[in-house]
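Note that the chains take the letters A, B, C and D in the order they are written out, and that residue 1 is the start of every chain.
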Amino acid sequence: MTGYAYTILIPMIPLVMFLVTGLLGMKWKPIVSGLLGTIGMGTSWVLSLITAGSYFFGGHHAEGFQTIIPFETTWLRFTETLHINIGVLLDPISVMMLVVITTISFMVHLYSLGYMKGEKGFARFYAFLSLFTFSMLGLVIATNIFQMYIFWELVGVSSFLLIGFYYTKPSAVAASKKAFIVTRFADLGFLIGILILSFVTGTFDFGKLTEPGTAIFGSAASMSFMGISALTWAMTLIFIGGAGKSAMFPLHIWLPDAMEGPTPVSALIHAATMVVAGVFLVARMFPVIHFQAPDAQEIIGYVGGFTSLFAAVIAITQYDIKRVLAFSTLSQLGYMMLALGVSGYGGEEGLGYMASMFHLFTHAMFKALLFLGAGSIIHAVHSNYMYDMGGLRKYLPITHITFLIACLTIAGVPPLSGFFSKDEILVAALHHNKLLFAVEFLVAGLTAFYMFRLYFSVFWGKDRHYHHTPHESPLTMSIPLMFLAVASVFAGFLPFHHLVTSDKMGFDTEMHMAVAAPSVLIGLFGIAMAWILYKKESAVPEKLAQRWGILYTATYNKFYFDEIYLFVTKKIIFNYISRPIAWFDRHIIDGFMVGIGLVTEKIAYQIKGMQSGQLQHYAFMFVAGTLALALSLVYFLM
Amino acid sequence: MNILTSLVVIPILTIIAILFTKGLKGARLVSAIGMGVQLLVTAVLLFSYLGLRKAGVTDEMVFTADYTWFKSLNIHYFIGVDGIAVAMLCLTSIVVFAGIFASWEMEYLSREFFISLILLATGVYGFFISLDLFTMFLFYELAVIPMYLLIGVWGSGPKESSAMKLTLMLMGGSALLMVGIFGIYYNSAPDGGPLTFNILEIAKIQMPVEAQRFFFPFTFVGFGILGALFPFHTWSPDGHASAPTAVSMLHAGVLMKLGGYGCFRVAMFLMPEAAQEMAWIFIILTTISVVYGAFGAIWQTDLKFINAYSSVSHCGLVIFALLMMNETGMDGAILQMISHGLMTALFFALIGMIYGRTHTRDVTKMGGLMKVIPFLAVVYMIAGFASLGLPGLSGFVAEMTVFVGAFQHQDMFHRVVTVVVASSIVITAVYILRVVGMILLGPIKDSHHEHLEDAKWFEKLSTVTLVLAVAAIGIAPLWLSDTIISSLKPIVERLAMAIPF
Amino acid sequence: MIQGIPLEHFLIVSTIMFFIGVCGFIIRRNLITMLMAIELILNSVNINFVVFNRYLYPDQLQGHFFSLFIVGIAAAEASVAIALIINIYRKLQNIDVENVNELRF
Amino acid sequence: MDLGQFILMRQELLLTLAAVVVLIAEIATSEKNKARLVPFSIGLFALVTIIGFIPGQEGTLFGGSYQSSPLTMFMKNILNMAVLIIFLQAEGWLRKEENLDKISEYFILTIATLIGMNFMISAGDFLIFYIGLETATIPIAGLAAFDKYKSQSAEAGIKLILSSALSSGILLFGLSLLYGATGSIYFADIAGKVAPNALIALGFIFFVSGMGFKISLVPFHFWTADVYEGAPIGVTSYLSVVSKGAAAFIFTIILFTVFKNIVDMWQPLIYTLAVFTMTLANLFALRQDNIKRFLAFSSIAQAGFILLGVLNAGELGMTSVVYFVLVYVFTNLGAFGVVAAVHNASGVETISGYNGLYKTNPKLSLLMTLSLFSLAGIPPVAGFFGKFFLFTAAAGAGYYILVLIAVLNATISLYYYLRVVKAMFIDQNEQPIPTFRSSNAMRLALVMCVAGVFIIGFASGIFEYIRTISQLFLN
């Protein structure tokens, strides 16, 4: 299929941009790097749109979409069967991801031209953006799980670099470290999962792994460790990797802090693209998980469900708008995971899978929009906190409208895209697991509530006294907002069930009024609640907060998870493991080695008396020695 | 003259040339030229080697040369290289080259410094090319001894004591080694015939199993001490901390590799049965040293100590992988040797340069250096990423090969310890990021650090050389790994044939 | 003639002399006396040689000659020793071996 | 027998001649020209040394009392070279005012002892051996007391003469027992008759302890340190190199030829002695500050290493011992040369006095370092090869554990050798020994040592030659 050979350019262009701006960026005027990066990004955006167009709509796909590998080369060979390839794999989800990533990334590039203007390290910022985009693209087009792992790591690092962009700010440094280490910990699970999987199946290749009814798992069934089958281990561990990136509970703690990074970064990495890598991974391995490790799939479902509820609850109480958005991201990711967890394989059964991907797509659009909007708000008022904001709608009209659209979308108000995707998920959940359905139903309401809490308290209410009157952001920032707004409005009408499905075969879905109507209603109810509580300044929220007392504070402090982690790392690891080991090494082991020397010297001083200088002592020794030898020898002889 | 012999001759000539120079300028110029030539020769060697292989030469060793030395004891000057040796030689040349430039401004007794440094290098080159246990051992000790003067005279801190500790521990190691070598020698002809030190000859026969059981531990531990095998690693933190920059580079980068190299080239290759039988002991030890070293590094505050402990961890990984005794694992071990050699040399070079500016190695006293010395800081970050196994840098390739190889082992015990060992990558991330966060990022802690000047040209040259090497392996590892694997075949086969009893 | 005396008696005597000499050398503080003790040892050796020769190997003279040489060399040794003792006396004004311990440890 | 056969013992004869010539020259020279004796005697001895290298045929004299073979000749040549170097090194010291009237004594006594040693080496029966032994011992006592105005020197003399007298007494007692047991004093006859019975065992032990005194093995070594420290350096180096070397030679020869039937009996004995000697000597050397005393203990430790070669009762053992002594001669004389040079120039005799020597006298310090490394057995200098072959010999006899002990001891010894290196290179000193230029003779001697230390190791021909001649000798 050489027809798609050009797809290799899609990741390559950002890479080149990274190298160029990274090495030469300091020498140029900042704006040059910015424009260069943006143009480059634009090119690969166009390319991926072309790819998507020709892949999805070029020719009919009665027999389903083909998996196309236009480019592949061996990068490192472990054994005859096990080798890491670097290549491009095109199938519905990867193409879909290509579109998502390049779109959002391009928008962010564009947006940052305005947002980051005058920041020192402007060039560095664009270099990192390009690096991230390259890694992310490489991740989604991976032809085998190890290539995915490679780019998985790269993504982690570029996120580390971008979170820590303001590297003189200790909080930023801490956040970046936390993000990297937590995800790294999860990646360990991923790695071990890969090791087990490759040991069992003898291959890294997605093609071989996910091919329906493949025989490579024949031997696997027998293998088990601690009573659990090897594949369940493998899949669970790999899911842990995914959970780390997608910030599933309990590995979610890094995401809120990651908001220390520049807002466009949050939009790109921590809302739209990187955090869905985990979902993508699970989707990628879906056949294996579904057929070989159903237990693992159960886990995925419940973790997703819990995370979405958990995050939604926390989101209600946060005041930092970016954190609210971060927690809403968590909860939406929970949705996607849950959808995968409850999905079946093939046709109608695969509804959850389709829904998950669908929601991934729409969520990317409106969440990016939300973040960019938040960015432009922060840009205007120079604060992250709701209580510094209010009545901004007249100052920031465009931002206001787009933000409103986004809120409605996420609240699942028809006919906006969020409605469709969320609805599909609910349906899928309903069919497989009533409990999870209930949870999601509740969360839908919560989502609507906290989003509009945010919306009202920022754009309505009365003015705060701002240092200078907030002003609408420049065009470079508002264009992306508008584009994404449009996208979030209409994305819902894409026929996903014909494009992105578990078995690559299209199928037909119809409205399930039984599900849609209640979900819309509860969404509206949430909005109404928010209207009542936050439309006007009122003491009601305060009272409520006091009423709930302890529960409120617990929620406000994100159920003290950061503290727990802090305790584990700082106290346990540092004080109770490293410190003793360091001490042990210096004093016991090294002490022993040094001790040998000291003892020798001590003996040397102890025995100096033998050389007394008295001739007759010497003579005595002499004779005594002789006789001793004689006696011993004679004794041995006898 | 045989190209390999020239690898030993050039340094000696360089030393002689230095004797005729006056002061720092001449000495460093001569050494730079000499080691530059050496680097070129190594490159030529590498390409001609690859050429030979491509031409289908399948001998285990190439460029061999064999001169009888002590006839009655059948001691030969027998040299030759396979892919692994070539790789190690390249590593050595690169590190030495970088080391010369890293010590470009060694004012105090500069001639003597460069002479000892290059003498050390000579020993290393000789060790890697020799296939005769006697010559090998000779060069081994030749490489170890200059350390004493290098650390004692040009070191810092408690230099005398650390130099003495290092020398004595390594010499104690070579004591065990010597016994092992004699054991091998006197069992090299179990069924009559002349005794020999020739590794290839001995590899043809099977030593009596009892003899192997007795001598394998001696040989393995003897080399292991130089490879910082737990619990014989304690010379390394002190030694590194006190040593001058270039010496730390050479020592951690190259000298410690002699240990790993000897472990498989001599101990395991010549005594496979015993290796198979006793592997588990050393696997446990190395597993400990991998995790232990990493945890130890977390708590340190002296940059060099941090690096020394991470070296313990990484070198532990080398021996661990060797003991997996399958192709992939050992391939990973070699890769890890090379990658660790390069990046730890890079680390020590940078630490030296930073120390030269801030006059402290205490991480708690530094901060925000990224602002003032961006070049060094960025390179330090790269080194750090290499060390925590970031794809695209050598560390990742090596570690992944090790893990995959180790996990392919059929025995459950090996797979479990592999998981334990793999967990070290997280700990590594923790201490690397801790250091980076403390010294490079954040606000500037010490007002004196606000006006430091960034790297000079020779420092850039020194570090960039290493960075390029690290990145090259990280981006295109295939040719290297294939070269190594093809050279590993005889060793692995021999180990596989040895049935554990 | 000495036919009546069995070999053992000579050997016993010589052994006793030997150990007397050794003990004398170790115990007596006076350098000259120590020298005499050595003479005792040498003489016990002489007795051995002569007696062995006379009793066990009467048809050869090796033992006799050996003892002669011993006597001669002993004289030389004694002379040098005494010279050195005198030298010591010049330094210390006495010849007590216990004072000869400047060099030690 | 015709006098032509006396050519066999030409080395002894030449030495005797040399001694006599020196004596006559002494008489001939007037008071003010005494100093001229030094170059004269040295030249004379150099001549003797060179002539010694002319290969001679092997054979026996006096019905087997005197035997000569390439090996014995080679041993004698080694000793001659050593003495020549010592003379060159002593030149500066002899020219000093207080020694002017004793120059000829020094040469005559030294040469006399050398004659004794040559006879020991060539001895074919215990009588010649004993005469040689005493000839080699008694004059040294005189030499040790050479500085007769120094109480230390006098003490060294008395200690040496008395303890050597005791040791030779005990040795003689052993010999008498052996004679009683075997009925002969000829090596050849005894070799046939020795059997592991109590009497021979006793005699053998006494013999070993007598020899142990000469080679200074623990516990027969106590005199060593004191005498080395007290005696003038020219004598100390002679004691530590020549007389020890000769004793090692003859000890090895006798063990390998006379007592070869009871190898199983004496190997454990030597094993024990080796362990004790190496370990104790090292422990004592650790804490010395006087460089001569320090070198004394180090030389005792070296004697312990020699025993490892002796343990292998075969040609490899003989080869390694001879080879090691050859190496040891140049190595140790290198060290002593530096000590002598420094002493002549500044009177310093302590290790701490050497602090910062490298700053002022780099060449000497390098030479010292080289010699010390060679003593410690560090490549690429000859000491490494010497030790390695000794250990090879021991391992060949299956004594792996002993080899391990030995190498660990070598490590300890490295510690104290490095102490000296540290003093010279690392330790700072506000007033170090001033820069000085030592006499040409000294420089020549040192150059010879360096050349030896470098060449002997790499030139495998030497080792092979020794191997062949000891093969010849042993069967």
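Methods note: a contact is a pair of C-beta atoms (placed from the backbone, for glycine too) under 8 Å apart; a residue touches a chain by one contact, two chains touch by 3 or more.
What you see is a predicted model; the values in this text were computed from it and never measured.
Trainee: Going by C-alpha centres, which chain would you call the most central?
Mentor: B
Trainee: Does A-D or A-B have more contacting C-beta pairs?
Mentor: Most C-beta pairs in contact, of the two: A-B.
Trainee: Return the distance between the CA-based centres of chain A and chain D, expressed in whole Å.
Mentor: Taking the average C-alpha coordinate of chain A and of chain D, the gap between them is 78 Å.
Trainee: Please compute the C-alpha centroid of chain A, do the same for chain B, then give the distance between them in whole Å.
Mentor: 37
Trainee: With chain centres taken as the means of their Cα atoms, state the distance from chain B to chain C in Å.
Mentor: Computed from C-alpha means, the inter-chain centre distance equals 65 Å.
Trainee: Which integer distance in Å separates the CA centroid of chain B from that of chain D?
Mentor: Taking the mean C-alpha position of each chain, the two centres sit 43 Å apart.
Trainee: Hunt down the residues of chain A that sit against at least two other chains at once, touch-wise.
Mentor: Residues 597, 608, 611, 613, 615, 619, 623.
Trainee: Enumerate the residues of chain D that touch no fewer than two other chains.
Mentor: Residue numbers touching two or more other chains: 158-159, 162, 166, 170, 225-226, 415.
Trainee: Of all the residues in chain C, which ones touch at least 2 other chains?
Mentor: 22, 25, 34, 100, 102-104 - these are the residues of chain C that touch more than one other chain.
Trainee: Go through the chains and record each pair that touches.
Mentor: Here the touching chain pairs work out to A-B, A-C, A-D, B-D, C-D.
Trainee: Any idea which chain A residues touch chain C in the complex?
Mentor: 608, 611-616, 619-620, 623
Trainee: Name, in rising order, each residue of chain C that touches chain A in their complex.
Mentor: 22, 25-27, 29, 34, 97-98, 100-105
Trainee: Mind listing the chain D positions that touch chain C in their complex?
Mentor: For this pair, the touching residues of chain D are 126-127, 130-131, 134, 138, 141-142, 145, 148, 151-152, 154-159, 161-162, 165-166, 168-170, 172-173, 175-177, 179-180, 183-185, 225-226, 229-230.
Trainee: Which residues of chain A touch chain D in their complex?
Mentor: The touching residues are 597, 600-601, 603-605, 607-608, 610-611, 613, 615, 617-619, 621-626, 629-630, 633-634, 636-638.
Trainee: Would you pull the chain B residues touching chain D in the complex into a rising list?
Mentor: Contacts found on chain B: 69-73, 75, 134, 138-139, 141-142, 145, 148-149, 152-153, 159-160, 164, 167-168, 171-172, 174-176, 178-179, 182-183, 185-186, 214, 218.
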